[in-house]
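Please find the structures below.
Each of the two complexes below includes chain A, the first together with chain B, the second together with chain C.
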Partner chain A sequence: MAYVALSEAEKTFILHGVEVISSVPLFNSLFKVSLFLQEDFRCDGRSRRDYRPMELETGLVSNASGSARLRLANTDILVGVKTEIDVPNPLTPEFGKIEFFVDCSANATPEFEGRGGSDLAQELILSLQNAYESPLAFDYRTLCLIPGQQCWKLYIDILILECGGNLHDAVSLAAKAALYNTKLPRVTATLLDAGITDLIISDNPYDCTRIGTDAVPLLVTVCKIGDYCLVDPTAEEEVCSTVSMVVSVSMRNETPFLSGTHMTGGGSMHRDTMLNCIQLGLSMGEQLNKLLVKMLKAEETRVGPKRPKTVGFLK
Partner chain B sequence: MSTNAMIELALDRVDWNDLAGNQEQLPRVFTPGEVLMPESGFMRGHGTFVEEENIVASVAGVIEKVNKLISVRPLKSRYVGEIGDVVVARVLEVGQKRWRVDTNSRLDSTLLLSSVNLPGGELRRRSAEDEQMMRHYLDEGDLISAEVQNIFEEGTLSLYTRSLKYGKLSQGMLVKVFPALVKRRKMHFHNLPCGASVILGNNGYIWIAPTKGEEQEGGEGGFVQNLNEVVPRSEREVIARLRNCILALAKCKLMLYDTSIQYAYEESLKYEPRELLQQHVMFDIGQQTQARLRDVDLVD
Partner chain C sequence: MSGRLELLSEQGLRLDGRRPHELRHIKCKLGVFEQPDGSAYMEQGNTKVLAAVYGPHQAKAKKAEGNELIINCQYSQATFSTSERKNRPRGDRKSQEFKMYLQQALSAAIKSELYPRSQIDIYVEVLQADGANYAVSLNAATLALIDAGICLNEFVVACTASLSKSNIPLTDISHVEEVSGGPKLTIAALPTAEKIAFMEMSERFHIDQLETVIETAMAGCREIRDILEAAVKEHLIHIGSAADWARVC
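== the complex of A and B ==
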């Protein structure tokens, strides 16, 4: 993660906002009573369960099969999906393939220059692969063309343009949006002589199929600061936390399921805290999922099938 | 358990240009490498270079013409220091008789051991013990407020904190904005009536902290941080609101000084602090503040 220097006093200030229980004296005529209030007021006014506002646009890269850009406060992610026809793995003849690639642009922070971002990129790739691994979390059958012979392979290229904390969540949201936006050209198979099949890809760019994205998982980072867990940490809050847990949440039949977890940071967690984290992650993941799908559908109806113009980065 | 998550569409993005004064004549922004005009008869100024007999922009910004001198003023730039500026800076490294600090300028600045107030009297020789105690006074990551004392030839700034109002900063929050947005004024330390104090560093670093009592301020010698003190919720709310207001003003590209911040704070009271992160709320605050500032100008 990009390094942010903080002084002890700033850390204390952030920590107190998250966790400290402050006593407010209530003066009674007979008794001196103290009322204990739990502070749940972070540096930017959010509570522990609030996300910062996000901005989403899909389909802004014209030469990719699907693309999305998500901006979460200062975190800026661009995802492009590329498609290719490949031979399926002999162990899973009915499954397609997905490959992730994360590029940490040196625009985000000078530390990413050269190979500086490769560790972070690797971590993000692994947690995404882990989340997408189960066929229940991603329906690999929709990528199958001819079982055992031909399948689609999706390359999900993730570009990190700016780091403002909470990369995992932003990356997974953007990836899901890009997959939702992905259009696979319609393919018909013809049987040639000697049992060889030939694929014919439709020439019409609007004649395409979509990928089922209902179950595509989202990652929710639950960050432990002091004794409490919070979501959507800023870069400063990430510095203050000892350990955080990335919970991947997949939705099936309107119920959230856990499709993987992953710990970051040097600290360790008590079992109860861990269960709390997973619970918090699941409930957040459910709400984020609903919200994302709602907004993607809203954008789709407003833009229409032939996208006239994109908003893009400037303006 | 309720949560507040919000995803907006880029289609609904606020057009920040709507805040510009004269809508008909928006200034043209030149990009690096763009030809400004032929060289003949003109002089090239800052932010330009000559290529194939043309004056070309070397930074992204608006053109400025003074008689025959053509220069491009960058939209975004690092801090260019001037002697006497108040800055907020972060210590990067403890070195030999000096601290290397970050002031958001192109090169790191230095704070010499001889230009800080050491505890125990104003006039005291710096001994070898003081050199060994340097990390005890200011450590890596610590924030200080200081003034620019000198600018060296290569452009590094030399700071000093030999006044009781400067020194190490305690609990509070740092906000970073473009240096050009901080208005140069006589005063950069403000105790705002809303109950927090801000230091508007000329380098674009703004420090927001709870207001301290008078007697506490004098006696601290510049190196004390009270880490056990808990900032109560009410002050925390003011600080968070101020932070979001300053960021909203910066987003609207409005100048930051005590009056504009105070107006923005007053306009923001109809919202919850966390709502101030939303772009249309930011836009509203910017618009209201701008209108109020304009009214004041008209009265004067």
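== the complex of A and C ==
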């Protein structure tokens, strides 16, 4: 993670914004009374349950089957999905395959130069793999072409261009957006010759199918600062937090389900706090999912002349 | 020179419809990120590159030898940048080679005497590769250096050139033209001083043709320099508008 230097005073300032019950003196003619107020007012003016502004673009990389770029305040993620035909795993003959790859670009911070970012990349890959592992969270059957013989393999390549905190959430949002944008060419199987099938892949770029992304999970990082939990921590807030929970939320029939969770950071938390964190993560995940779907649908309608000329830097 | 494709049609147009001396469409933008000291995005046709510059800062102990400036480059290519998926973004021979060439061309341009015992990190990330990757990376790196406010002797600009079967020189070749077997010449130049900071050539040229191909690439460099200069001016007017610089420009 990009190195952020914070002094004790700065840390206290962040901590107070999140939790401290501050005292406002109220002067009365007879008594000096203090009124206690709960702040819930973070450095950038958000409450504990607010996300920072997001910017989303899809279909930018022409060499990939699907792509998305997500900018969550200062965190910038570019995802490209590449497809390949592969043989299914003999244990799960009806399932397709997904492989994640995270590359921490040195553009984000000089510490990522060479192999510097590989630990962080590995952590992100593992949490995504965990979240996508359940067939209820991602329907691997849709990626199957001929059970036991041929299936699609999706390479989800994630490139981190700038880190401004909350990488887990940003990466999972961008991955889901890229999957939504992915178009698989239509495949027809012919010529059953001694049990061997011949696949004909349509070369018409408009003759394609899409992947069902309704249940694709999102990761929500719930960060514990002081005694309170908050979502979407900035890089500075991440420094102040001792422990956070990464909750992966998969939607099914409008209800949020948990598809994996793990703790990051060196601290510990009470069991009740942990359950609260997961609850918060689930409800935030539900809202986030709604928002993402809305954004993706809006993005789809912006085609042709309606497409804005410049969004971000990738025109 | 048989066995390779003809790169020019009978009408004298190239595979993507350009005329022989035409560049691909260039778009660029400075200051795209906040964390690095300088950053730039550059698009030349379908080749898209991001560059970030950190520094000048104190040189790392193990690298510091003597008084001179250390120019540290990294070239990496996103795994989804090519039509065949790449297995790793950096560390292969090609990117090591490009990294060295970048270092070479940039050290010719940076006024290194102004930064003793310092280090400048230049990171280049190719998001989409469609020919002339090195040239576009170098151009993006130049813009990022300018955005970081590092003193340069002048713009260092790279351009590629090739030769069609009928011996007509072609400027700024795309990936298809690169792989169809024609010769490829890359030049990094300081166009105002007419100096060549770096040159690389593959396949074979007849010595008589070399002169014209170099001149074609140099002409391409001059054209790109003008585009970059315009972009820098526009950027400065934009960021300086709050301080009312726009009137000075």
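Assume the second predicted complex is superposed on the first by the 293 of 315 C-alpha atoms of A that agree within 3 Å, B and C clash if a C-alpha of one lies under 4 Å from a C-alpha of the other, contacts with A are read in each partner's own complex, and residues count from 1 in each chain.
The rule is simple: a residue touches a chain if its C-beta (ideal position, glycine included) is under 8 Å from a C-beta of that chain, and two chains touch if they have at least 3 such contacts.
Just so you know, these numbers come straight off a predicted model, no measurement behind them.
**Q** Based on the superposed arrangement around chain A, label chain B with chain C as either clash or fit.
**A** With chain A aligned, chain B runs into chain C, so clash.
**Q** In the superposed arrangement, does A:Ala108 touch chain B (first), chain C (second), both or neither?
**A** The answer is second: A:Ala108 touches chain C but not chain B.
**Q** By residue count, is chain A touched more by chain B or by chain C?
**A** Chain A has more residues touched by B than by the other partner.
**Q** Considering only touches as defined above, state whether A:Leu128 meets chain B (first), chain C (second), both or neither.
**A** Neither partner.
**Q** After lining up the shared chain so the two structures overlap, which partner does A:Glu84 touch, if you call chain B first and chain C second: first, second, both or neither?
**A** After superposition on chain A, A:Glu84 lies in contact with chain C alone.
**Q** Considering only touches as defined above, state whether A:Val222 meets chain B (first), chain C (second), both or neither.
**A** neither
**Q** With both complexes overlaid on chain A, does A:Asp76 touch chain B (first), chain C (second), both or neither?
**A** Once the two structures are laid over each other on A, A:Asp76 reaches chain C alone.
**Q** Determine, under the contact definition given at the top, whether A:Arg52 touches first (chain B), second (chain C), both, or neither.
**A** A:Arg52 contacts chain B only, not chain C.
**Q** Just chain B (first), just chain C (second), both, or neither: which does A:Thr12 touch?
**A** So A:Thr12 only meets chain B here.
**Q** Taking the superposition as given, does A:Leu288 touch the first partner, chain B, the second, chain C, both, or neither?
**A** first
**Q** Residues on chain A in contact with chain B in one complex and with chain C in the other?
**A** Dual-contact residues (chain A): 312, 315.
**Q** So in the complex, which bits of chain A are touching chain C?
**A** 2, 61-64, 67, 74, 76, 78, 80-82, 84, 101, 103, 105-110, 113-114, 155, 157, 159, 161-164, 312-315
**Q** Can you name the residues of chain A that touch chain B in the complex?
**A** Those in contact with chain B are residues 5-10, 12-13, 16-17, 20, 22, 37, 39, 41-47, 49-57, 60, 69, 73, 173, 231, 283-284, 287-288, 291-292, 295, 298-299, 302-303, 311-312, 315.
**Q** Chain A touches which residues of chain C in the complex?
**A** It comes out as residues 27, 29, 32-36, 39, 41, 43, 46, 48, 50-52, 54, 72, 74, 76, 78-83, 85, 89-91, 121, 123, 125, 127-129.
**Q** Can you tell me which positions in chain B touch chain A when the two form their complex?
**A** Chain B reaches chain A through residues 1-11, 13, 15, 90, 92, 139-143, 169-174, 225, 227, 230-233, 236-237, 239-241, 243-244, 272-274, 276-279.
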